[in-house]
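Alright, structures below, take your time with them.
Next, two complexes with chain A in common: one pairs it with chain B, the other with chain C.
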Partner chain A sequence: MSEAKRFRPAMAWLHTWAGLVVGWVLFAVFVTGTASYYKDDISRWMRPELRETVIDPAQSATAAAGFLAKQAPDSGGWLVMLPKPDQPLTEVYWWKSFAGPFHHALLDPVTGTPTGARDTQAGEFLYRFHFELALPPLVGRWIVGACAMVLLIALISGIVTHRRIFADFFTFRPDRSRQRAWLDAHNLFGVLALPFHLMITYTGLMTLGPMLMPWGLQAAYKDEAPHFYVEAGLMPKGRMPAGTAAEGLPLGEIVRIAGKDGGELPEALMVSSPGDAAATVSAVFEEPHGLAHLHPQIAYDAVTGAELARNLPAGPATRTATVMYGLHEAHFAPHALRVLFFLCGLLGAATVASGLVLWTVARAPKGAAPEGFGLRLVRILNVGTIAGLPAGIAAFFLANRLLPLDLAGRASWEVGLFFGAWVGVALAGALAPRRLAWPLTLGLAAATFVAIVPADLALIGEPRFVPFDIAMLLVGALLIVAARTAARPPSALARRAATRVAEA
Partner chain B sequence: MSAATLLLCAALAFAGMAALALSLDRHHRVALRGPVPRGRVRPLRAVGWAGIVLSFAAAIALDGWNFGPVQATGAITAAALGVALCLTFRPGWLRPAALAALPLAAACLPFALAA
Partner chain C sequence: MASDSPPLDASRDPPTRSGSEWRGRLAVAGRVALAAFGGYTVAALVTALGAVTLPLSRAEAVSTAMLASFAVMAGAVVFVFAAATLRRAAFGILGTAAILAACLWLAGGFSAGVPA
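Right, the complex of A and B next:
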């Protein structure tokens, strides 16, 4: 065979096996990442005690500083994220050194005391899961980074493998053989949203870039990595602590000064060496309203309020990198466009899922012949991931409503139930007879999503949460359709289609 | 960057994608009974690409080179998905839907300009 003739089968082999090995992780990354487009909405729903109020960010900053000074008098730095009208809480982090650990609290925007909101990780859990998998951060990021690299390989080899991209562009034939139908679905989901798939994979790798490929930075900056961020225009130049204590201005005063200098109120304050005579407060502004995810900053002397430094202007490399961050996170996207990003994310998850199912369908034994070990393992992992993860997410939301408010370690219980439901549904799928595995597990996931709605209506029941509840019903309905389709014997689909053709 | 702009781009892209789909025998057969008449393939393809190019151009004209390409890509993806679903489950609706998309796009224009 000539080199050219061997090329496509080689790419097909690469696509098949690269996709299979990382498919389960990627499905979880796609689903939780897609949900993260609505991270703030999820967090609002999961903390129903917080309501929209009139906020005064300057007052909130001063109140938060009061809390931090008492809570962590000897910390090396604070991050104060100021409240917004639709997010009426001050989120604070503090730490001794950048090596961690990082402490975290949610404060009432007026009093600066911890909020009375229920203990939950809220949308932050799903968001972090999509690049850390609830593992120690570095471990999780390396696994997701490695899987994303393989996904990029799978995407490129998939494009090469696909013989008829244009001729089959709109083709979906659920009435043909099972294998044909799943291949059509896989091609359709993959090709239609291909620009999104390539973008999200590549930009996702970029966000992990400094971790995956640290050598350039290490070679050029040795142990002085912060200099890189200053020179790249990502943060203003800092300074060393003086070692003597001094009373700083109230943080609210800095918010006011920064609001005047920056043209709008900052969204966060980064305080280095609080309480020191050379303490610095960097006011971090919302990204300018473009694709780039740039955060302009102005650094102030915490004691006098004098401006110390601003970001250097961002060069082409920084702008390119920040546009990639921006595209990945889509913070700029208003409602309608956000729906499309969400849809494309679902198509990504559907591409992975249909590819995984296709692997088993293409190798399924004829009739009632027993399946081999490898096939059985892949099928069980498919059921466990594709039906189990949604069930876990639903259980996470349901637990948020049902768990007692004063339960110790409540946030961890929610996460525990996320994994518990996931494993439970996966086990049910593994133990069920082959024909029942998909309908049973998809049905369980659907039931859990639908159950969220009465739980919310009975325990909270506020009009502002109706859109979220409707979304849960829609996901539930989608899963019911999937469960019913999976429950139908394959011949029924073909028969129905045959009658349709005969009528036509 | 408004919903009206997005709908306008999606409607133009839908009409274009539908024309491209109808230029293929397989889809023409289920949507309009019978293969594509001879001499109709080229016009359908021309109209199809025109719809997609217009959708992209509208996004650039209304939103500039910053957000425009993102909007257009999203709108074209959604339109293609719509055409594929329509062909699978309601093939008879494809031509009427594509024809209805054009006045819809026109109706969106004033809102897109005002936003």
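Right, the complex of A and C next:
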């Protein structure tokens, strides 16, 4: 066979199998990543005790430093993320060395004591699941990184396979055959948001770039890797601790100085060697507001408050990389654009899901013939993932409302119910007869989403949460439609097609 | 999907159609391994070589090389699966890797100290 004639079948084969082996992980990554566009809104809903208030970030910083000095007097570093009016929480991390472990607490912005809001991981859980799959961080990130690489290859081979992109875009043949319908749907979802899919995959790889592909940094800097971040303009130059103790300024004082120097209040403070005579406080700013995620910093002497260093200007390549982070996280996106990103993310999940279903439909035995082991396995995993994960997310939200507030390890219970519901629905799908598996599991997921609304109205019932509840109803409705469609006997399709032919 | 190539169906063979079934499977496994490890090696070498040779500041060269790295890996993987035989794919990948490694060695990328 000639080069050109062999190329497309080879790419079609690659697309089919590359897509299959990572499809289940990618579906979960797309769904939780898409939900993470609304991470802050999810967190607000999951901590209903917190209300939008006037906050004084300087006071919060000083109070947080008091907590940290008492909690971990010998830490090597602190990170204090300052509260915002709509997120009245001071988030603190502390560690002995950069090798970890990293400790974490959420503090009341006024008192600096652990927050009284209910114990929950909130939106942070879905966000971290998106790139760590609730596994140990390095393991999870390598798995997601490898799957993203395979997705990039599946996208490229998919584009090659599907050469008539424009003509096929306007082709949808739901009545021709089940396989044609799924193929057309897969093409439609994939092509409609193709620029988004390519962008989100490549920028996602870039966010994990220093871990996945450290060899450039390694070759150019050897054991001086931290110098890269200084030279690239990502961090101000640091300094070694003096080894003698000294009382630092109240952190709030640094917030005030940084606010004056930087033109706006910093969003976080990074404290190196707190309590040391050469301790440094780096004020991290959101500025410049826009695509790039540069996060300029100003480093201050923690004892005198004198400015020590600022970021060097970043070059074009480093800026490009930070724009990629920015595009991936979409923090820059105002409401309408965020909705568009969200819909594109859903199309990504739909592309993966329809591709997985297409794999089984294309191989389905004719009539009542038994399905083989491979086909059965893929079908069970498809049902378990595509219906199970949404059910898990719904259970996570529902548990947030229903679990007693004083339950020990409450946040872990919520996560446990997320996985419990996921596994439960997946098992139901595996044990149900083939014809009932989809309607049953999609129906269970839909019911759990719908159940969130009465639970919220009965236990909290505040107008500010109505948009979230409406979103839950919409997801539930979408799943009900899916369950009803899946419950339609296959003969109905054929009958409709036959009527069409007769009319013509 | 073009009419001359059927939609994704179960009967489609992997790119190599010769040999018995298990030989075909072994060839597919070989291509997967070559794509994953060979593709990653080529991308890693291109990234390292770019970082030490690009006529930019050290930091910019590192960033530029990393920006390109995943595209390089994707290209290498597509090459592995598009090649007529596993042997040709292996020659292509290993040969490229050897040339890149030699260039990187000449550029001082393997020496212990930081290149000037």
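Rule of thumb we're sticking to: the second predicted complex is superposed on the first by the 490 of 504 C-alpha atoms of A that agree within 3 Å, B and C clash if a C-alpha of one lies under 4 Å from a C-alpha of the other, contacts with A are read in each partner's own complex, and residues count from 1 in each chain.
Convention: contacts are C-beta pairs under 8 Å (C-beta built on N, C-alpha and C of every residue); 3 or more make two chains touch, one makes a residue touch a chain.
Everything quoted here is computed from the prediction, not taken from an experiment.
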Fit or clash between chain C and chain B when superposed on chain A
fit
Looking at the overlay, does A:Ala220 come into contact with chain B only (first), chain C only (second), both, or neither?
second
Under the stated touch criterion, which partner chain does A:Ala277 make contact with: chain B (first), chain C (second), both, or neither?
neither
Which holds for A:Cys344: it touches chain B only (first), chain C only (second), both, or neither?
first
So, A:Pro334: does it touch chain B (first), chain C (second), both, or neither?
first
Considering only touches as defined above, state whether A:Phe196 meets chain B (first), chain C (second), both or neither.
first
Return the chain, chain B or chain C, that is in touch with more residues of chain A.
C
Who does A:Phe172 touch here: chain B (first), chain C (second), both, or neither?
first
After fitting on chain A, the minimum C-alpha spacing between chain B and chain C in angstrom comes out at 16
Please output the residues of chain A touching chain B within their complex, sorted ascending.
167, 169-174, 188, 192-193, 195-196, 290-291, 327, 332-337, 340-341, 343-344, 347, 504
In the complex formed with chain A, which residues of chain C make contact?
1-2, 5, 7-10, 12-15, 43-45, 47-52, 56-67, 69-71, 73-74, 77-78, 81-82, 84, 104, 109, 112-115
Please name which positions on chain A make contact with chain C in the complex.
3, 6-16, 149, 152-153, 156-157, 161-164, 168, 179-180, 183, 187, 202, 205-206, 209-210, 212-213, 215-222, 224, 228, 231-233, 315-318, 320-321, 324, 358-359, 362-363
For a test of understanding, state which residues of chain B touch chain A in their complex under the given definition.
1-3, 6-7, 17, 20-21, 24, 26-27, 30, 33, 66-67, 70-71, 73-75, 77-78, 80-81, 83-85, 87-88
